[in-house]
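Letters A, B and C mark the chains as written, and numbering starts fresh at 1 in each.
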Amino acid sequence: MTRLINGLLLAALLIAALWSFQFLDLDFANLVSADGLSQMADYASGFLSPDFSAPHLNAIGRGALETLAMSALGTLLAALLGLALALPASGRYGVLALQASRLLLNALRAIPELVWAALMVLAAGLGPNAGTLALALHTAGVLGRLFAEALENTPAEPADAVRLAGGGRVAAFCYGTLPGVWPQLVAYTLYRWENNIRMASVLGFVGAGGLGQMLYISLSLFQEAQAATVILAMLLLVLGVDALSGWVRQRWVTQ
Amino acid sequence: MNSLPRDPAALPRLLLTLLALALLWPGLSLSELDLTALFRADNATVMGGFLAGFWPPAHDASFLQLLWQATLETLAIATAGMCLALLIAMPCALLATRALSLSALPRGGRPAGWAVALRWPVRGLLIVLRSVPEIVWALLFVRAVGLGPTAGVLAIAITYSGMLGKVYAEIFESVDPRPTRALFGAGSGRLAAFAYGILPNAASEMLSYTVYRWECAVRASVVMGFVGAGGLGQQMDLSLRMFAGGEVASMLLTFLLLVLLADRLSRLLRERYT
Amino acid sequence: MSVRLAGVGFVHANGVQTLSDIELSVAPGERVAVIGPSGAGKTTLLNLLATRLRPSHGRLELLGEQPWGLSSRARQRLRARIGLVHQAPPLPPRQRVVTAVGAGRIGRWSTLRALANLIHPLDRGGVRDALARLDLADKLFARCDQLSGGQLQRVGIARVLYQSPELMLADEPVSAMDPILAGHTLALLNREAAQRGISLLASVHAVELALEHFPRIVGVRDGRIVFDRPAAEVTAAELQALYANAQLQQAPELHAPLQPIIPRC
């Protein structure tokens, strides 16, 4: 019986895949025809000579720093907000608070960063501030859920012991629960940071500052050479943050 | 009793705090973080008017029809993109993995220098593919092949082939190498050794990761439309520009449903096949 | 009286009655060992005294107060005067010994001071003195996961000594130590309690150790007190009856190491 259902499910997946190609009406024949290919090659060749002039590099440097700051602060804010929401979501303050905070976390998580950014641009004006807030809101939803799971899976005895010695709730949490979970919390936060540096570099598409704004403008003005430099900068930024966060994880989390 | 013991962790902690402060300060000024901007009068009235339009969410028949089409398009972009990504990722993973190295056989599992060097271009390609965010690829493809879902599909195919390729290669390296070595020892070719030695052990982990990535692809294709690559994002962009609060509200609800649904489906698939 | 139990019983959430009709009084400065086969209800009795569990019936009085009649704030103040040595010391593996022992006094510190102590240990001298009594002064800045089971138990004892409670409870405080160290540690607990003039109530699974170090012995079986008399008057026949057909002692549970799983999307 299970085999039959599994087989049917597999067939359904295959049909769904084929249907998507058919639904989208993708015209790959045209794409890979001599005409289409030469057109693409034409476009791509513009990217082969990146613009390394000093003023442009200067602007990129500032944009990269802005992106870095957005991603780091957004992640930091998200970690704080996520922890604040994870406490009720791990069932510490009763069922009602648990359901309410779970719903809020899911809502924050379900709306993508870019949509948050578009909304924040409306709410807080153009610029990196909107981007930081957008990253913070979406990431808070993701981290809050992960933190809540981590808190649930931490042994409760150390905190109980502190309570039994007369300690307050805050002290019990900081002495009993936090030492057990913080490596996990830090690891999750670092992983989200790696993710957010990628997102931060594209939030500019909707006007939320950083490298994305530069890329969007260069591409709109058909300045492929400048755009190529921005993409290179994004690549370096992403690889740099990956390496840094990997090093931090190695040094402080898994020992 | 002798003098008070010094805490060996005090100095590192102090330095770390100072470093954090030193980084936080320029960070705050660069990101222009300012929570009060949300409550400034002009911003608040704009946002207030916009939010007031959220209720009731738009639900007239023609808009719902539009929304349904856009949702289907989003799902189709994710699925088609994943199919293409799989087609690219498999050969790349096979080329990049050390698990299928013949030169490693007599050297205790460590490939020869030249073999490592030969694998590097593929690994580098995978890194570049996955390190550029998918929406940047989408933006580029919109310029190259025009507006529409094709750009979205290609963008997902490229980014996700990089991710899948890397993870597949790692999965191949993590399974028990002895069956493969035995097959190589019996004179089998690389593909046969892969199919009989590695695939049976790696399949469930690969499937689990692929399904998880599909879930991510759904999220990614939602926003791809912001740069003109079709799907819900494009509709969202339009509604935002027109300040149509009701439409935005309906679409946010659709996002929520879509993400929850993808979550469910991916859990179901993982439970059934792994 | 430090401890007064009158007709105390305890029924578990699953309906099993683990203690019934407990009558027990402990005067200030008295030192009592609770012995009995595993499953007899020793740990439940200690948990009742530590106010971790609330008795299902009967009257419980600790240091002259009824903990379950107090407001939760007053109960926390009472708890700060009661020290419990846990069988498997619930110390977070990554916490440093100096912080773990310092946590003993949290009940008397303000929250602010407790948080400051977390960042920079404030009373290093006091903590070191407590550790020195257990020959662990050199482990002051070690991390708890670097210690052996026996060392951890001694850190747990140091924490309670540092707390300097008026009533000291100990649940199998020496179960992870070799016999010589166990005897040494029980002697130390008794000496400290006698010096400070506080009451000590400990459950001990090694009968000889209990008889050797404690002046008063309480035998517990099937949730009831079987005998309660000075150590010198406990007879071999009584012990025989107490442990007849007893099950084997279970090994204490250990924490599983954390294994972070990583999602990325």
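FYI, a residue touches a chain if its C-beta (ideal position, glycine included) is under 8 Å from a C-beta of that chain, and two chains touch if they have at least 3 such contacts.
Keep in mind that this is a model prediction, so the values were computed, not measured.
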Chain closest to the middle, measuring from C-alpha centroids that were averaged per chain: A
Selected pair, greater C-beta contact count between A-C and A-B: A-B
Approximate Å spacing (C-alpha centroids) for the pair subunit B, subunit C: 51
For subunit A paired with subunit B, centre-to-centre distance based on mean C-alpha positions, whole Å: 9
Rounded Å distance, subunit A centre to subunit C centre (Cα mean): 47
Where subunit C touches two or more other chains at once, by residue number: 263, 265
Multi-partner residues of subunit B (each touching 2 or more other chains): 219
Junction residues of subunit A, two or more chains touched: none
Residue numbers on subunit A that touch subunit C, as the complex places them: 146, 155, 157-158, 160-168, 170-172, 174-176, 179-184, 187-188, 191, 194-195, 253
Residue ranges of subunit B touching subunit C (in the complex, touch as defined): 1, 4-5, 7-10, 13, 212, 215-216, 219
For the subunit C and subunit B complex, residues of the former touching the latter: 96, 98, 119-121, 124-125, 128-129, 140-141, 263, 265
In the complex with subunit A, residue positions of subunit C that touch it: 50-52, 76-84, 86, 88, 90-95, 99, 103-104, 106-109, 111, 114-115, 118, 163, 255, 258, 260, 262-265
Of all residues in subunit B, those that touch subunit A in their complex: 23-24, 26-28, 30-35, 37-38, 43, 46-47, 50, 72-73, 75-77, 79-80, 83, 127-128, 131-133, 135-136, 139-140, 143-145, 149-150, 153, 219, 222-223, 226-227, 230, 233, 236-237, 240, 252, 255-256, 259-260, 269, 272-273
